[in-house]
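The two complexes that follow have subunit A in common; it is paired with subunit B in the first and with subunit C in the second.
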Partner chain A sequence: MNQFLQAITNGFSLAAIYALIALGFVIIYKSTQVFNFAQPALLLLGGYWVLYFGTVWGWPFEFAILAGAVFAAVTGIIIERTTLRPMVGKPVFAVAIVTIGLNTVITIIALDLMGVEIRQMGDPWGLKTVLIGGVTIAHRQIAAIVTVIVLVSLLLAFFKYSRMGLAMRAAAFDQEVALTQGVSVRSVFAISWAIAAVLALFGGIFLGSGIGFERSAAVSALKALPVVIVGGLDSITGALVGAVIVAQAEMLTATYQSQFAWLSWLGQGFSSVVPYLVMFIVLLFRPYGLFGTKEVERV
Partner chain B sequence: MRYRPGLVADYQSDAAIFKSNVQRFWFSVLLVAVVVLGLGGTIPLIPGLVDFSLQTDLLLIGTTAMFASIGAIGLNIVTGYAGQVSLGHAFFLGIGAFTGALVGGVEVTRQVVDLDTGQFVEKTLVYGFGLDLIIWLPAAGLVAALMGLIVAPLAFRLRGLYLAFVTLGLVFLGEHVFREAKVVTGGVGVGRASGVPSLFGFRFDEPGEVFGVFLAKNQKLFFLGLGLLIVLGIAAKNMARSKVGRALAAVRDRDIAAEMMGIPLARYKMIAFVVSSFYAGVAGGLLFAVIGRVEPLSFNLLLSIEYIAMILIGGVATVSGSIMGAFFITFLPRIVKWLAGFWMFGFISDSPTGGFVNLAQMEQILFGGLIIMFLILEPLGFYGIWIRVRNYWKAWPFSY
Partner chain C sequence: MKKRWLGLVTLLAAFSLVIAACGDDDTSDTTTAAPTAATTASTAAPATTAAPATTAAPDEGSDIAFDVGVTPAPCSDAVNEGNGCIYLGIISDLTDGPFAPLGVPLTQAQEDFWGVVNADGGLGGFDVIITADNTFDAHYDGAQHVEGAVSLANRVVGLAQSLGTPQTQAALPTFIENDMVVSPASWFSGWAFDDIDNGLVMEVGASYCMEAMNGMSFLAQTRGTDFSWAIVYFPGDYGGDYLAGAKIGAALLGMPAPVAELFQIPVSFGGDVAETVGALAALTPDVVLMVTGPTEMAQITAGLFGTGHQTFQVLGAGPSWNVALKGNADLMPLLEAVYFTTQSWGGWDTDSAGHAAMRAAAEAGGQGPHNAYIAGWTWQYPWLTLLTEAIASGDLTRANLASLALDLDGIDFQGILPTGSYNGTPNEIVERSTIIAQASAEASDGLTPVTDAFVSEIAADFNLVAPCFVG
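Let's look at the complex of A and B:
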């Protein structure tokens, strides 16, 4: 039982990280109709800014995050302005391929800045743990879950109550109509990219806190893709639910596979491909994900 | 018609592979040039000033490029002609490579001590049947095609980005399977010997005399590649200009409209996937026969993106574009190395650690950059550039 609870707890903290990255995908997709494959690269770059300010310049962690977030947001806006703006109106897939190209370029730059060694994030949580009801929870796991709850509430409030949030919802509904109603679609695009980049940065922080930040973070970030697909490309609820489903499936497999001999044929590290399997299964039954909007087709 | 080569008066001449005798002539010239290069000859580009010949290493890259072209044509069938975006090409290449290696490669055994009896027993580390090229090459293609057949039903239900993700997931699943199926793939970091390119006892991977001409190993493989590329390229071209090709184009342009016109979507999407995977399987089997070894981690997302780059840079939904793109991408490392020699590219370092970017990184940056540039500036790729240049000179000196 304890083992089960432990797996579930780990699953939730992993879900928190996936949710952060997935939310970035969904926000960009909803408001700009761009599927952003560059999210893993933004995560690497964002994580790097934080560890740079935190450990190289020795700033307090909170300031490092703040400065990193500013840098990340600016990076996001620059990317949108330089590479995605010329692609407005092009086929969705062509734009997605452009972001793959972007991902390659930014990843190389980020890895070059980071170097090959595992870098400490400079976070206050380290590897400290706390024992609650027989379940060991790391401080950073609690921090991740709390951060996600806070960030998601802030984002939802922003979308619901602020003027800009309303503009973003309008642009997500129909860009041209929003434009004619006086919404600055350009700033909607810019802000979406900025938000996504900052969310990716938080994902990077929690992937790297304690155990250290290195290039494999990009691989974990890529697993947010199945999360988005499972939840549905254009649903924030979907991203959160998908994150929980995918992360729990992954964690439970990681915990229990070694205990059953008849599962050993699946091979080592099987848990890391479980997200993709979950994605296949969900798509077979629901082609638009669990919460995605079904496309209405007109010829 | 004879004096009006540009005039197209019937469907047959519109769908012809060569639209005019001029095209046929230049294609023959190109073919002869490639054969001469393959035989180790020198071609004067500007007589007396610039010569061009393929040295041994360039020949090897050229051979690789030809096999890669076959793979790129395959991807272009499903993504270019049928419009079904596939990021899973690396998976099919891998299936082909490992099937080829299993059927045509050699078995590796090792003496191990049986812990129960204390005797030495023969233990198979990597299986291999060592069959002929005539068997393993079609097998590589067919097994990959079978995988395509299994994946195709997903494509009936999914469209656009969702399909791209499923095929992307395929790459990760494939990577896992390749990593774990050690008796077939040899395992990470070790790999295994690829299929032996030996046709009825004629070894393509060993130097020898053919029709009285001594050919090196690379030259033999070069001609194998050339032959297969011509056969498979023309087959693809023929498919594209037949009923199937027109149906695929209709599916690409608007699948619902195509269905309403009586094109069975499921069947044609399946055909696209199966044929594409067959090409990928053949290409995968041969690509690694050039090097002689296959390693499970080669078939990652990056390889898929490389092939996407080939068809995007070369030209979507064209056979010649696929070939141009494949050659460009395969020669890219060489081009980057050459660029690094100039002073203005001094920031590219040829050591793996020094400088701002090293060769491999610069190559990847160029990849990304070129994909972005071509999509924004020239969506038709090299093929589009070629058409524009051709039309310019056709009408020269008039600009219209």
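Let's look at the complex of A and C:
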């Protein structure tokens, strides 16, 4: 039973990280109809800013996050302004290619900044654990879950109560109508990218806390792709639920596959494949994801 | 529109799936144009200058034949303007592969090694140089390694480094076809066999197989033979050779078989350690042999400790350590408690002429202590001996280098290792000694030796008639 609870706990912590990355995808997609393939690169760059301020400049971790978030947000705004805005009105595939190109460029910059070594994030959690009911929980896992809860609450409050949040919802619903109502769609686009970059930064923090931050974090960020497909491209709830489904499936497979001889034919490393398997299954039955908006196309 | 997005996303996700499942790396890299090497025999007669720790060079004015990778013209940015130039190449993991943290200092050490030789006047009238153009980043990927070998085949005399056992194996046909002598950045037991590599791969130090046997003997001496053990290993000959040696050792020492043999995909290729940690947590082995990169070793060790199984010991292969782990103040106390490693030679602070020369070169270049730097440096001694002999024989052609490498003798490692030789059967010439070291925050390279160099009884008696691992 403890093993099961341990797996579930690890799954929720992993889901928190996936959710942080996936939320960035969803927010940009909802506001701009752009699927941002550069999110893994933003994670890498955001994580780098935090470790830079925290360990190179020696700032307290909280201030390092704050400064990193400012840099990440500015980076997001600059990206939107310089590369995405000129693409408004262009075919979606062209915009997608631009974000893939962005991902490559930003990743190379981030990797050059980081170097090849494992870098310490300067986080206060380290490898500390706490034993609760026979389940060992790392402090950084608790921090990841709490952070997601806080950030999602803040985001929901922002969308519901702030003028910009309302503007973003309006733009997500219909950009042209929002424009006629005086909503600055340009500002909406810029703020969306800023928020996504900051969310990616938090994903980077939790991927890099504990052992250290390194370039393979970008590979881990790719697993947010199946998360948003499972949850639905335009649903915040979907991103959260998708993250939990994908992470739990992955973690339970990782925990139990080796213990069941009848699963051995799948081979080791199969848990890495599970997120994509879940994605394909969901796509078969709900092409728009579990919570995505079904699009009606009239001929 | 969303349908099109979904189609595109699905396509890319499927692509990611292939990468994750196959452990392949799709990034590509190419080298740019390199200095054109002379392709016909010449009679250039570079001025002879004595090089450190080398055999006699030909008299000034003597003719030296050469072909690919050697020019009578000086190297670009030559240290010695009157010298000719010998170009060596490197195929390494320099940016995003699992051994990039090791590949970079390893490469630096090799550049520094030849920098020291050149600063002392060069080698028999030649400077030896590894240029950036002749340094290929293969990302620890076999296909890109072959691409690197092909691109360097017409530009360098041989390779100062070919990182990775399976990768070097993949490129062997190119090396053989072009008579390219290679220093491997790996310790595969098969490199001792000329029928595998035509004698072109100049192995240095004990193989993974011997290392594992010595490691198991160390465990038997310190814990007895009644303990459970598991092994986590990378795919290919690196993991396979160490696994084979560990199993041979366990059988010869009367130890039980491993409770698990866990295949680990490098995290840089999309691998995840969760599955390995889960399996180990369920089996709670007393000892975990870690034949991975440093990142995987650290993540698995910390992860396993985090599951509540806190009484295990780790025995890592040499490449599982990286001095950068010292920087993690939370991780180091755990590693100091559990992590031991089998190493082919002494650590940074070892007292030998070779170590002293290596430390001086590193300090001059601003390089801090690093276990990979020691390895990179040590792997160049066979090249030094080989080039010196070739110059002495008046023939720097690849064919002659390949011929000399087959029976190269008297390789002076300046005390880092005993004098080496490739002249004999694998069982006669193979290096069998190992040093066991333990993680230590106090040690400059993060490792403090707990044994001197030793050869266990089972390793000494082992009759090496075939590679321990055949993939």
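By definition in this document, the second predicted complex is superposed on the first by the 299 of 299 C-alpha atoms of A that agree within 3 Å, B and C clash if a C-alpha of one lies under 4 Å from a C-alpha of the other, contacts with A are read in each partner's own complex, and residues count from 1 in each chain.
Here, contacts are C-beta pairs under 8 Å (C-beta built on N, C-alpha and C of every residue); 3 or more make two chains touch, one makes a residue touch a chain.
Everything quoted here is computed from the prediction, not taken from an experiment.
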item	value
First (subunit B), second (subunit C), both or neither touched by A:180	neither
Contacts of A:269 with subunit B and subunit C, given as first, second, both or neither	both
Superposed model, subunit A: greater residue contact from subunit B or subunit C	C
Which superposed partner A:86 touches (first subunit B, second subunit C, both, neither)	first
First, second, both or neither for A:126, with subunit B first and subunit C second	second
Touching partner for A:229 - first (subunit B), second (subunit C), both, neither	both
Subunit B versus subunit C as contact partner of A:138, first or second or both or neither	second
First (subunit B), second (subunit C), both or neither touched by A:211	second
Touched partner set for A:258, first subunit B, second subunit C, both or neither	second
Residues of subunit A at both interfaces, subunit B in one complex, subunit C in the other	35, 92-93, 96, 111, 222, 225-226, 229, 233, 267-270, 272-273, 276, 279, 283, 287-288, 295, 297
Residues of subunit A defined as touching subunit C within the complex	3, 6-7, 10, 14, 29, 33, 35, 37, 92-93, 96, 111, 116-118, 120, 126-129, 131, 136, 138, 210-212, 214-216, 219-220, 222, 225-226, 228-229, 233-234, 250-251, 253-259, 267-273, 276, 279, 283, 287-288, 292-293, 295, 297
Of all residues in subunit B, those that touch subunit A in their complex	85, 154, 157-162, 164-166, 168-169, 172-173, 175-177, 179-180, 254, 256-257, 260, 301, 305, 308, 312, 356-357, 361, 364-365, 367-372, 375-376, 379
Touching residues (chain side subunit A, partner subunit B) in the complex	35, 83, 86-87, 90, 92-94, 96-98, 100-105, 108, 111-112, 222, 225-226, 229, 233, 266-270, 272-273, 276-277, 279-280, 283-284, 287-289, 295, 297, 299
Complex contacts: residues of subunit C adjacent to subunit A	1-6, 8-10, 12-14, 16-17, 20-21, 23, 94-96, 100-101, 103-104, 260, 262-265, 267-272, 274-279, 281-282, 294-295, 298-299, 302, 305-308, 322, 324-325, 327-331, 334
